[in-house]
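Look for chain A in each of the two complexes below; its partner is chain B in the first and chain C in the second.
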Partner chain A sequence: MSNTAIDIVDILQTKFKDTLVQVQPAQLGKATVLANSSTHRDVLKVLLEADERTAVSAITGIDLITTIGVFYHIRTAKGGIITIKTEVPKEGPRINTISDLIPGAAFHEMEVADLLGVVFVGNPSSGRLVLPDNWPDDVFPLRKDAKLDNLKMKDAPSGETEPSGETNTVKIIVGPQHPALLEPEKFALKVEGEIVKGVEPRIGYVHRGVEKAAESRTYLQDVYLVERICGICNTCHASCFVETVEKILKTEVPPRAKYIRTILLELNRLHSHLLTLGHAGLEIGYETLFQYFWRDREPIMDITEIITGNRVISSSLTVGGVRSDINETDIPKIKTMLANLRKRLPFYKRIYADEPSLKMRMRNVGTLKRADALALCIVGPTARGSGVDIDVRKDEPYEAYGEIPFKVITRDSGDTWARMNVRMDEVEESINIIEYALDHLPTGPFRVRAPRVVPAGEAVNRVEAPRGELFYYVKSNGTAYPERVKVRTPTFANIPAFLKTAIGGNIADVPANFVSLDPCFSCTDR
Partner chain B sequence: MGMANAVLWSRLKSPWVLHFNSGACNGCDIEVVALLTPKYDVERFGIKLEPSPRHADVLLVTGSVTQQCAERLKRIYDQMPEPKFVVAIGACACAGGVFRGNYNVLNGVDQVIPVNAYIPGCPPKPEAIIDGVVKLLNSLKPEKTAREGKKK
Partner chain C sequence: MALDAFFFIRVLIFPGFTFILFFTMFCDWVERKIEARMQNRVGPAVAGPHGILQPLADFMKLLTKEDIVPLDAKQILFKVSPIISFSVLVFAMSLLPIDGSSAIPDASFSGDLIFIMALVTIANFLLFLSGWASSNPYGSIGATRVLTQFLGYDIPLMILALGPAFLAGSLSIAGIAAGQFLPFIVLAPWAFVLFVITLQAELEKDPFDIPHADSEVVGGLETEYCGGKLAFLHLTRDVQIVFGAALVVELFLGGPYGPVFFGVPEFWYTLWFVLKLLVVVVISEYLTTLFARLRIDQVVTANWKILLPLSLAAFALTVALGVWVYPMLV
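For the complex of A and B:
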């Protein structure tokens, strides 16, 4: 509810008073702007001029039966989301790109092109993004009339034998099965000597079609489905989805549930950050650090198990609250475990701040300038490492974050070292948040009965996942099944940062640079 | 005879495993990595994570096998030397799990390569994965009669 948001809506309303563009305050996010395929760029220009931190959060493609909707969800500085709605005809859907105005949109446009067949005129990238290489050209899975049974796949192309065509350039293929990658993705690095000259990503190895599957499951079943988009930040996915549904239902969650959710979200962040901080050690050849971090991460898994009964996928959130309460007798045990972890932190902080060999591998590696981070719409610790202080927990507080004091950690140098140190400091903040939440746990019910039928409507929601802003758009048509569930995950937004920073760097620095984005491809591909 | 016994002994005592994610949510994968870290530490059973398929005895597969991964999974299996064993970890790898029936998944590892052991769970706990791998190794032992057991 900050003033900047209201100002932007005012600016939009005065600017587009006499045109066909309609501005509706407080619809999808802070406002919905109804534009068409030629005026959407003008609206975006106004938003970009109003504030340097305007960025594209997501682009949703949606089959509206007669037309295809392309919704641009624009993140404004401190004010939340403004959605620009456009529609294109179903036959020959074409719309002008916005990637020349804001380069970070290119990836989002590619996804809509891939899954719905919308042509973005002027988008520099082409080819498949998440669908497999041998996917038939005329089938777009997110269209309602797509026939996906007994698909006739094309012959698989052999993608790896193509010559690079340039002299002095060698193509090094990393993935899909590679020791440095826990997940199957492919990156073709073009190198000249030791210097990386270009990166061609091929994601989509983990594309399971979750967005389509969500349309054929009920809202409660979808909670379990979206949790399994990513096993690491599963609570964030569940939380973002149930909050979006609660917005459509207009259900108010009881305070105790909000605090329990906050605790679970922060446990998620803790285990994810400790995982990455350790993994970064592995990538720079510092395996002891990896083993240490993973040893100290185990108590976090145990706490999650104490609260929810599950180690990894908590399956604890549901529409209207949480499924299990925190047992009062467990709270001292949890606090002791957190205190033990806190005792270890000065040691780790010293390593990340001062250890000479670690600094040599991480200082001035993969430097992402603040201006680039803004232009590429980067989120989370990656953006905060470049001095952009965006954090959904502060910008648009959800759950109990509005009532809990905590700091947003930023660093200015923008290199791998800065990004890892942001995470290192966030570990301590997370412990503070959990301890505060446990001390101030409100009494009362931990869930309310949500209405069984979800009325027609749509909502957007954001959650700060360990890797950055997680975005959900849910549209309900009044039936038992959602009409569209759009998920934009933080790594999807952060891949352009890797493509940007790897170029010009040393090939030996690629793993350290890569892991400092904390990439999660099961999120990216969905 | 002595040579064969030595080979069997070394195979049972130090299986080298290769981990491949064929489209998993990372839930099973972080549990596989947790196996190698101090709390569970499977190296005490001689189990070692091996990055190359050509050196691996056991292939640990997680995930529901996406269309894009299927061909690669097959290729990794083909690159492994005989005798080789495949363990499907997690509900997805066993039968597609929560993603069963989606347009881009093949509903389980056994649709692409033969599987020797299935470890269900979403995700299975590290203890369950250790149990599964140890059961697989025990099944390789020749069955001892009671008398042979005594002789030794």
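For the complex of A and C:
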């Protein structure tokens, strides 16, 4: 694993030996590469040639007071993150797009363009992604000097424009309010008959500005702030954030805390997977399946309550460990509840594997080919359903995952059915992990005291959330308040998969296809 | 027929309008309760004992709600089609022999099977119009789906209904019900199974409930409806389900005639009819809970490529057995 990573850094170092590009190993992940607004493409080309599984994890835009930094966090197959740092001037910030090299970057670039005003020359999409249509043109919320009081809103464009020239096309708007979407986002589908010809996404309807809000709160407060980004994978957010801060602090977390965190993370995964497996049933009109799954999800929330005192948002993690220990007397109870769930699994597995009407709705629906999954930088079960075996828990083990045996589940067919079956099998793996962790729970303290003031520095971190790789970048300026917190949620990375697979499909397949990505717009709109 | 008190009691109270209305609501409750129990839920539990009054409560609640008509809607069509559709279905119901004869006295004539099926098609078409008139994209798509589905499934349904008609040697429903020396479910089980499946599609129930796919078309043709008109749309759907079940009872389960029979014949006829109908409702609801919803193209394919040839084959088999084998049994 580490061999490939060192190789890549070596390749970079030899390739860019006598150029302006500087390679700094072991900074911000595996390495940091200092480039400028055009050489960054050369660096990316080298990385892409070295491994087909190279993908963009995130693009961070950051206001560096005199300039604007655009940091490309590139995920190399198994070797962690390589960050390409570029800077553009504050007046007229322009940088060449990388979306022609790797199409998945386009979506990330649009967000940076919206929030920091960087123009990505050559990005195929125009128009806004996150900000509302009537947002003023010259205010960029994530810049430090953005004046957000007394905003003068533009005149909003008048409603939806019908596609012109194409007489057979009907525009069907899915969202912001739609029964198939539990949260508000908009997808304008261009439909010919029952066939989808195009999709225009528009997100940001519940954008809460968490990244900006985190800058004005202390690190300790931020733990609870980022936890509220998502109701379902809340522990993943908290865990990813505290790990990033611990990396800057160089705090070593006691082993017991690592195990407890692992248990909580896997409970999150169980909760999320059972929820979405049931919700998929609802989307294809299989209400019975939905009711059954949600009933069996209840004990998972009860276990979370036994451990942390809270059913949903556990608020149990803190910098340096966890806030409460697992009571030894509760462990047999938890194990019994997990064993009961395990007994139900063969039934569900049979339904997802064999039920004819379910297969008719899910087989060959929204097929995402492996090459597309790689090019679009897809993460999590969606990528694994297309045969891409990425899983942060294995690729870059965090917490106790390095010590716990488990399998990475993949399927090759890449359709909705494959994605749901990946989740189905991961439920069992999660139960295994929790049981193993409970059996091998180390003794000792469950937290160490961490200082409130974080020394200047920066770090990136990844966590395998239920929906895929969750990415955090934190920059500290030596105070108790972070300088920048960047969150890239798995759903944000996976929306391009929907845009790709919906086209050419039946309009009736849109909900099933969409739910198979397990979309969480609360995550997407931080 | 004489327009006397007897006529009005039969048409308006029993076994006519009032009976059909409350029986429909009862069936709705049975459906909801069964579905809930199968899905590990409680189901209606508040209004009345075991929530038996819940359908009535829902109906009353909707009647008290504000009734909004969208400005863009085709006003008259939008307003009247739910009520006419409901009326047509209740009229069709009152032509069926419920307590031995139909609610409208002496309404039975030879060929009323065709007439009743035509009435149901008209009721469905009115439902389509109600969605179409609402000038809402979801309403229009939902309405078009209703049309696509019932136009397709009417054909196999009709063909399958002809099997019992042939066996009984009559095209009148009363004649078919009375002509079952053995219930036709025993003589032609293949036709019964196909009929129930086709009916599931006619009634837009899972796995064929695409006009009601809320994740795709929101409320379907009901999207723009609220208040009293929505109440009638819901009621229409419930009557449709009861009517479909009643058709199965008349064609395959021996109608209102049963093995136990003494005293007041009307009582026993009604009892058998109701019991048989509930069995059909339970079967239909069982299928609904068991399956996921198919896609519209799959539903249409299933109709033309599978159900139509199968129903023709079933009819041929029924006729063949009816001509050469069954006469030997009698």
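The working rule: the second predicted complex is superposed on the first by the 520 of 526 C-alpha atoms of A that agree within 3 Å, B and C clash if a C-alpha of one lies under 4 Å from a C-alpha of the other, contacts with A are read in each partner's own complex, and residues count from 1 in each chain.
Heads up, the rule we're going with is that a residue touches a chain if its C-beta (ideal position, glycine included) is under 8 Å from a C-beta of that chain, and two chains touch if they have at least 3 such contacts.
This is a predicted model, so every value here is computed, not measured.
J.: Sharing chain A, do chain B and chain C clash or fit in the superposition?
T.: After superposition on chain A, which the two structures share, chain B sits beside chain C with no clash.
J.: What is the contact status of A:Ser357 with respect to chain B (first) and chain C (second): first, second, both, or neither?
T.: After superposition on chain A, A:Ser357 lies in contact with chain C alone.
J.: First (chain B), second (chain C), both or neither: which does A:Arg208 touch?
T.: A:Arg208 sits against chain B, while chain C stays out of touch.
J.: Which partner does A:Pro332 contact after superposing on A: first (chain B), second (chain C), both, neither?
T.: In the superposition, A:Pro332 contacts neither chain B nor chain C.
J.: State whether A:Asn506 touches chain B only (first), chain C only (second), both chains, or neither.
T.: Second partner only, chain C.
J.: Please indicate which partner A:Val170 is in contact with in the superposed arrangement: first for chain B, second for chain C, both, or neither.
T.: Only chain C is touched by A:Val170; chain B is not.
J.: Once the structures are superposed on A, label A:Arg311 by its partner contacts, choosing first (chain B), second (chain C), both or neither.
T.: After superposing on A, A:Arg311 lies in contact with chain B but is clear of chain C.
J.: First (chain B), second (chain C), both or neither: which does A:Ile284 touch?
T.: Only chain C; A:Ile284 stays clear of chain B.
J.: After the superposition, just quote the angle formed at chain A by chain B and chain C, using C-alpha centres and rounding to the nearest 10°.
T.: After superposition on chain A, the angle is 50 degrees.
J.: Is the number of chain A residues in contact higher for chain B or for chain C?
T.: B
J.: Figure out whether A:Arg295 sits in contact with chain B (first) or chain C (second), or with both, or with neither.
T.: both
J.: Looking at A:Glu194, would you say it contacts chain B, chain C, both, or neither? Reply first, second, both or neither.
T.: Only chain C; A:Glu194 stays clear of chain B.
J.: Minimum C-alpha distance between chain B and chain C after superposition, to be given in whole Å.
T.: The answer is 5 Å, the least C-alpha separation in the overlay.
J.: Quick check on the output: what are the common chain A residues between the chain B footprint and the chain C footprint?
T.: Looking at chain A, the two contact sets intersect at 178-179, 291, 295.
J.: Over in the complex, which chain A residues touch chain B? Could you list them?
T.: Touching chain B from chain A are residues 131-135, 141, 148, 151, 153, 156, 176-179, 182-184, 204-210, 212-213, 224-225, 228-232, 234, 275, 290-291, 294-295, 298, 301, 311-313, 520, 522.
J.: Spell out the part of chain C that touches chain A in their complex, as residue ranges.
T.: Its residues touching chain A are 35, 38-41, 137, 206-207, 209-210, 213-216, 218, 289-298.
J.: Would you mind writing out the residues of chain B in touch with chain A in their complex?
T.: 20-31, 33-34, 37-39, 51, 53, 63-64, 66-69, 71-72, 76, 97-99, 101-105, 122-123, 125
J.: In the complex, go through chain A and note every residue touching chain C.
T.: 170, 172, 178-180, 194, 281-289, 291-292, 295, 355, 357-358, 360-361, 506-511
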